Structures are given as structure tokens and as C-alpha cells.
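Chain naming follows the written order as A, B, C, D, E, F, G and H, and within any one chain the residues start at number 1.
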Amino acid sequence: MNIKKILEDVRDDNINIEDALNKLKDLPYEDIGYANIDHHRELRNGYPEVIYCGAKEDEHIIGIIDIMNKKGSNILGTRCRKETFNKIKAVYPKAEYEELAKIFKIENSKIENIGKGKIIVVTGGTSDIPVADEAYHTAKFLGNDVERIYDVGVAGIHRLLNRIPILQEARVVIAVAGMEGALPSVVGGLVDVPVIAVPTSVGYGANFGGVSALLTMLNSCASGISVVNIDNGFGAGYLAAMINKLK
Amino acid sequence: MNIKKILEDVRDDNINIEDALNKLKDLPYEDIGYANIDHHRELRNGYPEVIYCGAKEDEHIIGIIDIMNKKGSNILGTRCRKETFNKIKAVYPKAEYEELAKIFKIENSKIENIGKGKIIVVTGGTSDIPVADEAYHTAKFLGNDVERIYDVGVAGIHRLLNRIPILQEARVVIAVAGMEGALPSVVGGLVDVPVIAVPTSVGYGANFGGVSALLTMLNSCASGISVVNIDNGFGAGYLAAMINKLK
Amino acid sequence: MNIKKILEDVRDDNINIEDALNKLKDLPYEDIGYANIDHHRELRNGYPEVIYCGAKEDEHIIGIIDIMNKKGSNILGTRCRKETFNKIKAVYPKAEYEELAKIFKIENSKIENIGKGKIIVVTGGTSDIPVADEAYHTAKFLGNDVERIYDVGVAGIHRLLNRIPILQEARVVIAVAGMEGALPSVVGGLVDVPVIAVPTSVGYGANFGGVSALLTMLNSCASGISVVNIDNGFGAGYLAAMINKLK
Amino acid sequence: MNIKKILEDVRDDNINIEDALNKLKDLPYEDIGYANIDHHRELRNGYPEVIYCGAKEDEHIIGIIDIMNKKGSNILGTRCRKETFNKIKAVYPKAEYEELAKIFKIENSKIENIGKGKIIVVTGGTSDIPVADEAYHTAKFLGNDVERIYDVGVAGIHRLLNRIPILQEARVVIAVAGMEGALPSVVGGLVDVPVIAVPTSVGYGANFGGVSALLTMLNSCASGISVVNIDNGFGAGYLAAMINKLK
Amino acid sequence: MNIKKILEDVRDDNINIEDALNKLKDLPYEDIGYANIDHHRELRNGYPEVIYCGAKEDEHIIGIIDIMNKKGSNILGTRCRKETFNKIKAVYPKAEYEELAKIFKIENSKIENIGKGKIIVVTGGTSDIPVADEAYHTAKFLGNDVERIYDVGVAGIHRLLNRIPILQEARVVIAVAGMEGALPSVVGGLVDVPVIAVPTSVGYGANFGGVSALLTMLNSCASGISVVNIDNGFGAGYLAAMINKLK
Amino acid sequence: MNIKKILEDVRDDNINIEDALNKLKDLPYEDIGYANIDHHRELRNGYPEVIYCGAKEDEHIIGIIDIMNKKGSNILGTRCRKETFNKIKAVYPKAEYEELAKIFKIENSKIENIGKGKIIVVTGGTSDIPVADEAYHTAKFLGNDVERIYDVGVAGIHRLLNRIPILQEARVVIAVAGMEGALPSVVGGLVDVPVIAVPTSVGYGANFGGVSALLTMLNSCASGISVVNIDNGFGAGYLAAMINKLK
Amino acid sequence: MNIKKILEDVRDDNINIEDALNKLKDLPYEDIGYANIDHHRELRNGYPEVIYCGAKEDEHIIGIIDIMNKKGSNILGTRCRKETFNKIKAVYPKAEYEELAKIFKIENSKIENIGKGKIIVVTGGTSDIPVADEAYHTAKFLGNDVERIYDVGVAGIHRLLNRIPILQEARVVIAVAGMEGALPSVVGGLVDVPVIAVPTSVGYGANFGGVSALLTMLNSCASGISVVNIDNGFGAGYLAAMINKLK
Amino acid sequence: MNIKKILEDVRDDNINIEDALNKLKDLPYEDIGYANIDHHRELRNGYPEVIYCGAKEDEHIIGIIDIMNKKGSNILGTRCRKETFNKIKAVYPKAEYEELAKIFKIENSKIENIGKGKIIVVTGGTSDIPVADEAYHTAKFLGNDVERIYDVGVAGIHRLLNRIPILQEARVVIAVAGMEGALPSVVGGLVDVPVIAVPTSVGYGANFGGVSALLTMLNSCASGISVVNIDNGFGAGYLAAMINKLK
């Protein structure tokens, strides 16, 4: 435990009070004015910080990459517009982009498989693929064996039932669905592992930008299901990786 | 057509203007101050008017029964509290009550089966039974062969799959579900007849009194599904009867 | 019943276990990675699968058409942008487009009238026509005799009353309305057949993108009414066809 | 104009500065700590202040009546529970109570008819009567000729059409409806006078305590309609009286 | 009464049944497929029908103008985009456009003042002007003396108080406000005539596109206030005209 | 700074590592299983912790009082039901109760006035008094000079205008209002000090339990206004005290 | 795999077609009319089915217990009212009840610890205990080592920080919070294991029965967090057990 | 007091009635048709009026600047689009623009520091900077010493804890956060001064344009917190200045 170590150093006069305070301050992150970059995270849990590009200025994004790249971290960015990626690519030629998922990565050191089992990503429809791919690429980036089964929504239940043997190989399932969002409930009844439900904003009218699917998933009668934010493929991929890493 | 007949009578001097106006006024309903009772409905579509007791004063309910009973109609009342029924029973000993469904009926002439096929009512869970029974008894009262399959929700999909042969005998299916409300979507993919979806208010938290199930059903990917109001078992039973009566 | 037949074949050694499993898997759909196409549907209920183009990539749409076209199916696509249609037309010159309805179809074999009666589509206003036309063309594509009566909203009730004789010829009515969405309630009181209510997003302010009309229709006092999603002309047309096909 | 008069008195030394300030302060209302009673209102517009009993303590209500009664005002109280009325009655034997409307009045001087025409109150159903009666008794108390037409909702449109001649005698119409709340739209198309729409909380499920009817009315396509709060029969009665008083 | 007259003609053999039915059908409107134009309205209440251009196709709008213009009606169109107006102007050079209000009119016969008093339009802020101007031009078009008082919101109450003498000259007040929408409540306490409250969508964040102002107005403690839809300047102007016309 | 002090003690060997860790743990609060009581707060900011009784078991509340009382703190409890208070009173006879405000206090040491100016609490109506009194008693308990002006809502603006001289003596104003909640906007334009707006749940229908007033206040055009939760008189009283204490 | 085994038996003539169909039908559940009890679940995943008593009739609950008890299952019931439990206790004296959690259990065979690590349940406040205890007892019943840390909400962050060493021993954390619901976000930043967030309905006003906390949790910036329904302690406990069981 | 002075002048015949009325009318604002500019405000509270450019026409904005500039006021405009600013700059070369904050100012007289302490603005993330900068520049413009601490959200709590010493120097804290919006709750527990919470619309899905953060802040368990509208950096900066000015 870090804090205990610093206290011991203080007691043993290995460090003075001012330095101890600074150490507490400097260690976990680097302050660049518009952002505090958490270098500590990678030490803490084996995963580098991930950049949510959604509402950030392009210069801020590139500034953050710059700092992380200097440390040699692997870098993942989500919700990255194509134009932003092009600017990144101009500076970091190693950067790669997944167009549907709107994810970029810079792989400074080879990603190793640290997951203990297989993660399976299923979708209700073809239109849910961008969100599902965000989950897929996130989990891959975090060192997992991931498999995709797409367009197996509950309105044609046979499509899903035929995949039961494959589904039952998973250690974690990510179930992605828009419109009525019923897929996780059925999947949850078929497997005996955690199901992470991801509502998508796919649909129109009374789906209210994904609220319909979100509520469906929160109210699921099946056990072993939990939910992340609408369209949050990243969050599902990250959580799946975290579960899959449990010893 | 009535209105044409009245016009013809006017032309042929079988009736004068004042009487014609009165006829238009008196024929279809009987005004008792606090209600206009539609005697015409039974002639028009073979079904008597149904009394929604929900927010009515007890005296008003009994007053309406009184008028209908004098015409010898069969009478159905929905959302009828037990205490209200007891008052009705005291006056009309023939009245019968379905406790879970909160429905009463007075069967003045024997109900005949006029439906062309079978109506099946399915529920997601045991807690949905009161709403499903309202649909069941309504459809029975309107002259149909109705069958019930309860507690076959999608979180244990095998319960439903084993009933496919029975389900496929239906001419109309009424699918009743609370919580995530996914049952109609799966049923809609399994049968080739209209599915009437009934969301129930069963659940808690983010089900928002049935809104979750309602949205699920409105956003269903399955075709051939339409939706009635939350807990509206009566509406589903009535519509099913209307479809089942189509020649 | 298919599944029974496969079991019998297994018993009689006409087929081995592996093949039986594959048969169950292969029959109903064709997996092309981003989509599972349900060829079975046409056999099951006489209707081909319909492509919801709303949130799909153009390449995915064309890929799906490709598969379906090889089987010689008639193909219907909804929510199809003009630009997407132009790409389709370039590959499939037989493709036709309905501009207001945003529907395309490829008629590989002549559509036959299989409906038993007439479907009538009514709208409250001129602005509801795109949704109503989606219903109209869907029902036509599925083999029905369909008639349109537009701009007969309840604020000028005489427009509707004069059409009573025509309305009463319908076997199913589709009532399309935005703003206050009261049309289905009045229509439901005038006819004795199922009324499918379609709320539209036409309006502004407190119509909340169609929520106002949706709630109106769900709360209708008229019996025999059910509701589909906001702007879901396709769903209404499909359900009307399904009801109209009932023997 | 009062304020001008006070300024003139100041100029003419009929009154000193302190007294002028006090006059401004004392004239329009009487401060009794928990309430400021507006005696001025009756002078200003011929109507006494009305007591909304809804969330007030019984002692506060009686305290307010006390002050008003001393001035000899006619007194009207809305949303008054039966138990509260009983306490009032014990002190003011002249007090009268309308049970359905939950209104009490104390008529210290005979109410004279000051309206220029007739106000008509229509309801969609029997269950809307309590709200309609609140409007009815309010308008009567404020000196109007008021007529009631109840249970003429749009799902049985003939009930309303036969009343057209009566409706067209109105100078103002108050249209009260719960559930889908479509009545004002139809009425607005039939008459050529202002229609005050009152949504009620009658219904269940997706009526959301009257929101459904409220939205319907706000989105009405008919012209000449405006809306008051859910269940606000008082507000409608008051506004109708104000319009009916216009010279 | 028209309907009585037709009945009398039938009785007196001045007209046969078929013609009577046709007369009922043809009189009130003209059916042009995508629209039913209500020529009757002008006869009924002195006002021509108004075209809501919001969600209509340009060709439909011009088609409707065409019909109305042939009858020599004065024509008003609301929510008309500039580009649409340009197309109209090309065909009907007499057409005039109000840019902020997005209203066009074609004045085929001179508008006469038929209002009995003055209508005053007040706004809370400068940003509410487009909606207020829609009300202003509508009321002017319908033959009224209208006056505008803009930017007198309650956060600077002295701006409003100084206008009390002007406000008290009104026979009807239209109070337009966005953001917190409190203006009608204060105005309602200052005048003794009907106040029509118009919420606008001006604001951001928790104003939810005008919902905040709408709720404020519906919940107003002041009496004599009623509300129209968000941004519905037209509806307010029309209703004000209707009230101002009352004899 | 405490944490610095502990670090210095560690360095100077006045304390060992284990004890330092314990000190960090024990100092600020006392863990009694179901609650962690923050004794530190009083030291930190001069105010004792306040008990929100709302959803706590009676035994838990009394257990917490017990701990605090032993330290001799002054104790304030909000949202305390009468029955709960009676149990408290039985154990702590010094306890006092404010019935409308549902607040109890145990004054172990005399409350001293530490505020620098006057806090004024205004309400829109009589029905808002319970919430306003919660604010009043909280601010009093925290050592302030507080004054109440009740029932001065904007629908009768003169009631408020006459109080301008008093209002302008305030260092902080708490403006409490239900229904349309417009009071803070007007007050904010009249004074030059912070206005804390408290929406109440007083009203019915479209006030949605206080949402209407809440939105009004959040969207206020007046500057210097901020908002607390619906019915949160305590929060307003506490914040007012905190501002009034600023040197 | 069961289904393969049945197919093999069919092929080998160990079983006939009818029996095979029945086997598929009978195995997984037992149909008792109002419920289908899933005996299979315990075989499938080691956990017996759990009875959600929320909206069930008492007789239905006892009927279900009866069936399960005959199989010797351990039985857990959630949302069980005290009165219902008393009826259960009368029949099954082994039944035990947790009053705050509203959970009962019948332990027919001793529960063994099958979890691989420790589950920790933390709450923001004292009022969240009933929900947290539902999670606690569920996870215990499913064979886990569970620890509780209550009343460590973020408004007094030191309470939580001092527990970091304990928190970091967890394999799964369940974070339960009402009001602003921020606890999971902070916990998620402190631990490197999955955090299951449970919003509670504790609070008032703009917490909207737990919606506030729910949205907070869905929008958490911390990674590794997922959410269950409002007040769904059971779901969280079950999911935690499922994760903790992963090998 | 102005109004008293005018009354005295009237009494002393220094001014006649008409002039007194005009004085009341003219003093506080200048009416330019589309706006009433409040020159009085600067006298009243030391701050000039601020122009909300959000929904105003460019010509209106420049017209208002014109009037204010003639008085030599310092001018601040918020929500100003870049293109609008360019037009302003063309006329008033002294105008300066803050691009992220979308604020412009014209500093006609040097801004003096009138705040008594320091205002600190903290944000949860980098994406919240535009709103935080609006608060920062507003408070600076109003004469305050302001400091910014950005990207210290609660999901990485150490970033915030290390800033405790700086935070505790503040006289007022503005806490800006989107997504889950939990920052103010934690800050509120760490400081003993008022915390103004500003929800931002940063996020996606179930953040509903900032509603999630708004609700979090309204429901905060920490005391001393109040909330302004979503994205209302200006309002927070203004209120902070007002509090910081208190003597």
C-alpha cells in the first residue's frame, strides 16, 4: 500500500513533510491544465486510461495522446470522429481506426491475452453493430479473446436458439440491442454467466433515443444481468474485460 | 342505414321534422343526466356496452345497470371494486364476480360462441394474471373460445417454446407482460396471427408503473403486433373478440 | 410440424445426429455475418422478410437484397433514403421507389391479392400522408385491396361523417394522426371492425415528437383499437394485412 | 386609477408621505401572518377572492373565511374536504357544500346574474363529473347562466352531434375530458365561440394522471381552444365567467 | 340551421334523397385528394381556413392556395419557410411575408376591423418576438386592433408595472414568454380580462424546449388564464380574435 | 490542517504508523454499524451534523441522537414524523418539536447568533408554509436572525411590492413557492443579494409534485438565483446560514 | 447437452417420438396453472429459482413453495410482506425472515460457500440499508462470504477513504445509494474489480423515486460499473454471486 | 429610496403628476421597441445588464450594445456565436471574444476587483471547460479574483483530494460537471463555503442533455449546495460574484 509506505518513509526520515505531500500529489496523475492524466491506472489495474473523445477539442485530444505516448502506453480513444482521427494519424502514423466503432488505438507494445475465458458479443440487429463493435474492440484492446454473433434478436428466436452451444462457451456475454431491447433477458435465461446488457439508440418514435431498450434491460426478469448506459459499448467491453480477468 | 331511412320517412311524410330530429336524438342512446347509454351498440355490432366502473360513483353504476337490465341486455362491468359488487349483487342476484379480474357480469340471455377460432391469452408471469383474466373473461363474455397459458416469460424461454404447437392453434393471441414486457416480441416471431400486446404495471423501480413494458411492446421488432394501454385487459379481450368475429 | 419430422427422420435413421442439428440450424435463416436472413418466414406466413433500412449501412442493405433476390423473393424496404435507393436502383433496375413513403420494392413475382376484404387508411391531416402512404404501400405489397381517405381530422368532423358509408365497407381500418391524434377514437365509434391507430410525429411543442398522439390513442375510450409505434406506417400495414388474411 | 389618486393627494397635501406609503400597503390586502387577503379584488373585478383549500391547514382556512365574512363578501372555497367543510359549517351555518365538486360557498348577498350569454359545460364521460361540477358551480357563483351536458365523448360521436343546436347557443363552452381528451377538438370544430379545455385525471396506465388528455388538448387542431391545468374545473369556470362578462 | 333546412327541403320534395346526401357531403369542404378544404368555415364564423405549412409539401401548400384563391378568400399561412414563400410569391404576386413571424398572407379583399376592443400582445423578452409576432399578425389578419409591448419580463418588474395603464385598456391580453414563463401570472393579477398564455421554446437546458414555461403557465395561481401549445402564436391570435368578436 | 499535523507527529515519532492510521480512521466519525456519525463537522464548520429522519428506522434515529447527545452537541432532526418525535421526547425531555416544519431540536448549549446580516424567508402562498418553516427553523438553529414574509405570490404583485423596503434589508433571501413558482424571479429583480429558490410540491395536476416550480426556478431570467431540491427547506436554510456567516 | 442426448435416444430407439416431445416439455419446469416452476435451474447453474413475492397472491406463493419444498430445494423469497411470511411460517416452521430486507428463506440443506472471493456491500446512507440487506442476504443464501460497510456516502468522503484497504479485498463490490447516487463512481475509481451499482428510491422531490440515482450510475465516468433496477438488491446480490463463482 | 424621493418631490411641488409618472416610467430602462434596457441595474447593484445573445437576432444584439455603449457601460454578452461576434467587432473594435466560453466583452472602463475573497471554478472533466470558462469570465468581468482547477472528477478521487488546500482558500466554489455530476457533492463535503453546482450537457444516452447531472446535484446529500440551470456558467459566475461581494 502506497500511502502506508509514504508514512513509513516520513517516520524513518527518508522523506520530509513537504516532499511527502508532493508525492501524494504528483504520483497518480499529470496535470496539463485542461486534463489530469492518470498514469497510475495502468499500474493499479493493468489497463491504461482510455480517452473519451466525445466532447473534447481536437487539440486537447492530441495533447493527451502526446503525454501518454511519451510513457509508451498503449492508447485507446472512443467516440472519435473520422476528421479527428485524420489529425491524429498525421502525428502518430501507428494509429489505427475502426470506422464503424469510431475507435482508434495506438499499440506501442503488443497486446497480450490476459483474459481467462471467452467474451461473446451478441446483437439484436444489424443496426446495433457500431455499438457492439465498440465493445468488441475495447475488449480486444484490453487483452481478451472475443467473438461476435450479430443479428439474432428475439423476434426470430430460432436464430438465437441455434447459437446456444456457442453462447454457453462464454465466460461473459455482452448483449447489445436497440428497439425493444429484449435480447439480454432471453440470453440471461440461456447462460449461467454474467450478461452485460447494452441498450442502443437504434429505433424511432417511442424508443426515445434508446430509453425503451434501457428500461427493458433494467426491468429484466432474468437474473445475472446488469446494464450500462445507452450506446456505451466501451463501458460494456471494459467491464467484461475486468470480469474476465478475475482469478 | 338508419339515417337514410329517416330521410326517406321525412320525404314520404311518414314522419315530421320535429319527430325526425327527436328520432336522431333518441335512437342511439338514452340520456339519464350523468350518462348516455348506448343501446344502439348491441344492434350495431352484436356487443352490449360495457361499464368501466373505475372512477364512477356507486349510484351511477347501479343506475346504468338498471337501464341496461330493463332492456334485457347482458351486462359486463370492469374495474369493479368488491364493495361495489356487493351493492350490485344485493339488487341483481344474478350478478357474478371474478375476483382477480375485478369483473362482474349479469347474463340475462345465454352467451353464444360467435368467434370463428380460438383466442389464446399468455402471460409472462404469475403476477400478470389479474390483467390476463380481465382479457380472458371479456373475450368469453363476448362469445369466444379462450385458452390461458400463464407464466411463460422470456427469461425461461423453454417454457414458451414447448407451447408452440398450442400457440399455433390460435386465431388471435393476447400477450400480457409486465417488467421488461418482452413476451409479445417472441410470440410474434412464433405465430402467424395478430398478437395483441398488453403491458402490465407489474414490477417496481424503473418499470414506472408499466411504462417500461409499454415501450418495449411499442418498439417490438416482430411484425403483426399492436398494443393497448397499460393493464387494459378489457381492451385486449374486446379487440381479440372483434378480430375473431371477422368473417 | 418441422421439428417432429426431423425427429422422425432421426428415429428412422434417415438422418444422423450431426445432420439433424445442422438442419435445425440452417433451415430458417442464412447467416451473412452482419445479418441473419429469414428465408423461412415466407414459407411460414406467406410474407417475405422486410428490410428496415433506417439505421443500416448502405452496403449491408444491398448485401441483404442480394441474398433475397437470388431466392427470387419479392423485396420490400422501408425508411429508405433517396440516395440509398439510387444505389439500389443502379444494381437492381426493377426496383421501384415511393418518394413520400420512403419505401422501395422489387417485384420479382407478381403480387396477388390474398386479403379477404378491404383495408382503408384514413389520416387526420395532409401532413400525415408520408406515414399513411407507408402503411398503404406495405399493405398493397402484401396483397391487399387498400383505399385511402386523407385529411379528415376531428376538428372538422363533417369531413369524416360524410365518409361513414365508405368506412363501413372496411374489414380493417388504419387511422393515422399526429397533433392531438383523436381520429382513431372517433373512427372506432363509427365502425365495427379493428382499428389500428398510428400516431405520427407531425406537430410541434407539446406534441413531443408524436408522444401526444400516442398517448391519446392508448387512452382511447373507443373499443377495438390498438396502437403501433409513432410513425410506424409499416407495422400498421403489416398487421392490417395479417388480419385481412384471416380465414 | 388608485395610484394616480394617491399621488394627487400627496401633491395637494391631503395626505403626507408616510400615510401615502401606508395606503399603498394597506389598501389591497389584509395581512394575517399566514395569508394576505385581497379585499381589493372584489372592487377591481367584481369577483371576491376564492379560497383554494387544497393544501391549507383547517385553521388557516377558517381564519381566512373569518376575515372575508366580516366584510360581508360572498365566499367560495374549492378542493374542500368533507371534514373541513363540517368544521366550517359548525361556525358558519349558512355555508353550503357541493359534494361531488368539493366546493363550499357562503352566500352573504344574493348572487346576481351578470353574464351576457350562456356558458355550457360538456364532459366526455360520467367519471369527469366532479371536475365539470367544479366549473359549473364556480361559474354559477360568479353570476352566470350555466348548462350541463354530460357523457357525450367522441367514441360515440352521435351523442355529441345531436346536441349541436344546444351547443351553438353558448357564448363560451367548457369541455371537460379525461382519458384521450379529444372532446374539445370536436367541439371546437362545431361552435364559433371560445372553448376552454379541461383535462381530467380520469383514466389509468398511460394517461399518467391526466397528462394524456392535457397533451391532446394542447395539440388540438381546432382553433379557438385554450387549456387549463389538469382537473382545474375552478379555473375554467372562472375564465368562462370573465369572458362571459365582457361587454 | 343548415341541417334542418335540408330536412325541410326533403319533406317538401324540393330535393331528393340522393341530392340531400350529396349536399351534406359537398357543402362544407372540397376534397382534392391530399386535403379537404373547408369553404364552409368562412360562412360559419367569418374567418377563412388558415394553412399550417409546417409539415406540408410545397406542392400541397400551393395546391391548397389555388383552391382558396379561386373562391376569392383572404389567405393566411403559418410556419412558412422563406423558400416556400418564394415559390408562392412567384405564382401569387399579391402574397406578403412577415419574416420573423414566418407568416404569409394574400389579401384578396380588404380586411375590416371586426373586433370590439383592443388586443395587447406582451412578451417577456426580445427572443420571444417571433412567436408574439405570429399572434400579432394573425389577430390583425382576423380584423382586430392589436398593440405590442415587448421585453417586459418579470425579472425587471418595473418594466411591466409602468405599462399597467396601457394593459388595462385591453379586452384580451396575449402574454408570450419563454424561460421561466412567469409573465402571464403577473399580468393576470393586474388586468381584469382574459389572458391567453403562450409558452415559447426560448431558453436552454432545463427549459426542455418550452416545457418549463408551459408548466409555469398551466400552474398559474392567477385566475382568468388559459394556455395554448408551445410557440403557438397563431392559436393565441386566433382565440383572442374570437373572444374580441363576442358581442 | 489535521492531516499535516498527523504527518508531523509521525515524523517526530510522537505517534506510530498504526496509531496514525487509526487516528485518520477514528477522528472524523464514529461508526455504529448502521451509521457513521461525523463529530468532526462541528469542528470543521461550526455546525453539528443534522439528522435527516425521512427514511430511517426509529431505533436508528434514537441511536444517532444518543451518540451526539453524549458529546453535548446541539441536535437538529428534519422530516421527523410526530410519532417518532414522541419516542424521542420520551428519552430526551429537552427535545422540542415544530409541528408544521416537522423539525425537532435538542438545544444542549444556547444557540448564539453568528450570522452577519438578516435572512428573509418569503412564500408565494399559505400552503408553502411547512417548507418555509423548515428553512426558518434551520437557519435559526444555525444562529441567524431570520424574518418571515408569507403569502406574497406574484399573482397579486402588490403584496410583494409593498414589502420591498423590508426585502432590501436582507443579506440573503429564501424564496419558497409551489404551483408556478415564479416568486424568486420577481424577488431576484428587486434585491441585490443572493436568492435561494425553493420549489414546493404544493399544487396539483401538471405541477407534477413540484417539477413545475423547480423548472421555473432553474430557468429564471433573474440573476443571482440558485435552486435547491423540491421541498428542501432545510437545504435552503443551511445554505443561507453558510452565506450569512461569510466574513 | 440434454437436447443432443434426447436425439441420440431417439435414434437408438431408447425412446419414442411422443416421449421425446414430452421429455422436452416436462423436464425443465412443472406447470401448476398459475406458475411454471423451473426445477432445471438448480441443475443448470447450482442456484434454485427465487420467488419474487411482490405482486403475487399469498396462495400462489405458498403453492410454489409447496412444489419446491417437495424437491428439497433451498427456497428464497424476496419482497415478502410480514403478513405473508406469517402464513408461510405457519406451514413451514423452518422458514426464517429478515425484517429489513423483507426476505424469507427455507434452508432444507446447509448452504455451502461456493464463492471464490469476498463480496462487499457498501451504502451511501443509513436509509439504504433495506436494499443493501436484500443484496447481502441473497448473496449469503447463494453461498458467499459477504461483508457490509454502511453509511459511507460521498458527501463525507473520509468515511469511504478510510475503508480503502477493506474495499480492496473484495472480488466484487455492490454499491447501494439513493439521493444523488454518487457512491459507485467514487468506489469504481478506488477498486479494480467489478462494481454493481444499485440505485435506491431513498430521497424526495427531484429524486423521482430513485430515477436521480439511477441516472447518476448509468452516466458514471468510472469504468467497471454496471447498474441494476432501482431498489433491486436481489439482482445485485445474485449477479455478484454469479461473478464470484467464476472459475 | 427612489420612489420615496419622487413622492417627496411631488409633495413639495418640485415636480408635477405627469412628470412623476414619466419619471417612474423612464428612469429604470430605455425602451427601443424590441428591448427595454435596464440602465438602472448598474446603479442598483454595481453590475451592468448582461446580454444573453442565445436566441436574439444579430441586429437586435447590436442595437442593444449601441445603447449601452453610449452610456459608457462595460458590456458582457453570453452565448454569442463567432459570426455574431465578428459583426460586433466590425462596429466596436474594442470588443474581445473568448472562443470556448462564447463570451464577448467591451471594457469601456477598467474592471476593478470588488470581490472580498477568491472564487474557485472546478470541473469534473475536460469536456466541461466551455461552461466553466463562461463562469470564469463572467466572474472576472464582475470584478473578482478567480482560479480554475479542471478535470478533477470523482471517478479519480485523488485528483481532487490533492487540491483540498487550494479549495479551502475559496470564499465560493463553482463546481461544474456533466455525466453523473457528482463533483459538487464531494466538494461540498470538503469545504465550508457555498458551492454553486453547474450541471453540463456533456455526456450521451441516459444523461438526457444534462438532466442526469442536474438531478444528481439537486439531490446532493452535502449541505451548502445549490444549483443553476444546465450549462448555465453565466448564472453561476454571476451568483458567485454576488456572494463574494457581500460585506
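What we mean here is this: a contact is a pair of C-beta atoms (placed from the backbone, for glycine too) under 8 Å apart; a residue touches a chain by one contact, two chains touch by 3 or more.
Nothing here was measured: the structure is a model prediction, and the numbers come from that model.
Asks: How many degrees of rotation carry the C-alpha atoms of chain D onto those of chain H, rounded to the nearest 5?
Replies: Between chain D and chain H the superposing rotation measures out at 180 degrees.
Asks: List the centre-to-centre spacing of chain A and chain G in whole Å, with centres computed as mean CA coordinates.
Replies: The mean C-alpha positions of chain A and chain G differ by 26 Å.
Asks: Roughly how many whole angstrom separate the Cα centroids of chain B and chain G?
Replies: Measuring from centre to centre gives 37 Å for this pair.
Asks: If you average the CA atoms of chain A and of chain E, how many Å lie between those two points?
Replies: 53
Asks: I need the residues of chain B touching at least two other chains; which ones are they?
Replies: Only 156, 203, 205-207, 211, 214, 218-219, 223, 229-230 qualify.
Asks: Can you name every pair of chains that touch?
Replies: Listed by label, chains in contact pair as A-B, A-C, A-F, A-G, A-H, B-C, B-D, B-E, B-G, C-D, C-E, C-G, D-E, D-F, D-H, E-F, E-H, F-G, F-H, G-H.
Asks: Quick one: in the complex, what on chain G touches chain C?
Replies: 4, 7-8, 10-11, 13, 16-17, 20-21
Asks: Taking the touch rule as given, give the residues of chain C at its contact with chain A in the complex, in rising order.
Replies: Chain C residues touching chain A: 24-25, 28-29, 33-36, 38, 40-41, 52, 54-57, 60, 64, 79, 199, 201, 209-211, 214, 229-232.
Asks: Would you tell me which residues of chain B are touching chain A in their complex?
Replies: Contacts found on chain B: 124-125, 153-157, 161, 179-182, 185-186, 188-190, 203, 205-208, 211-213, 215-223.
Asks: In the complex of these two chains, what residues of chain E are touching chain H?
Replies: 100, 126-127, 129, 150-152, 156, 158-159, 162, 178, 202-207
Asks: Using the touch definition up top, name the residues of chain E that touch chain D in the complex.
Replies: The touching residues are 1, 3, 44-45, 47, 50, 116-117, 165, 171, 192-194, 196, 214, 218-219, 223-230, 235-236, 238-239, 242-243, 246.
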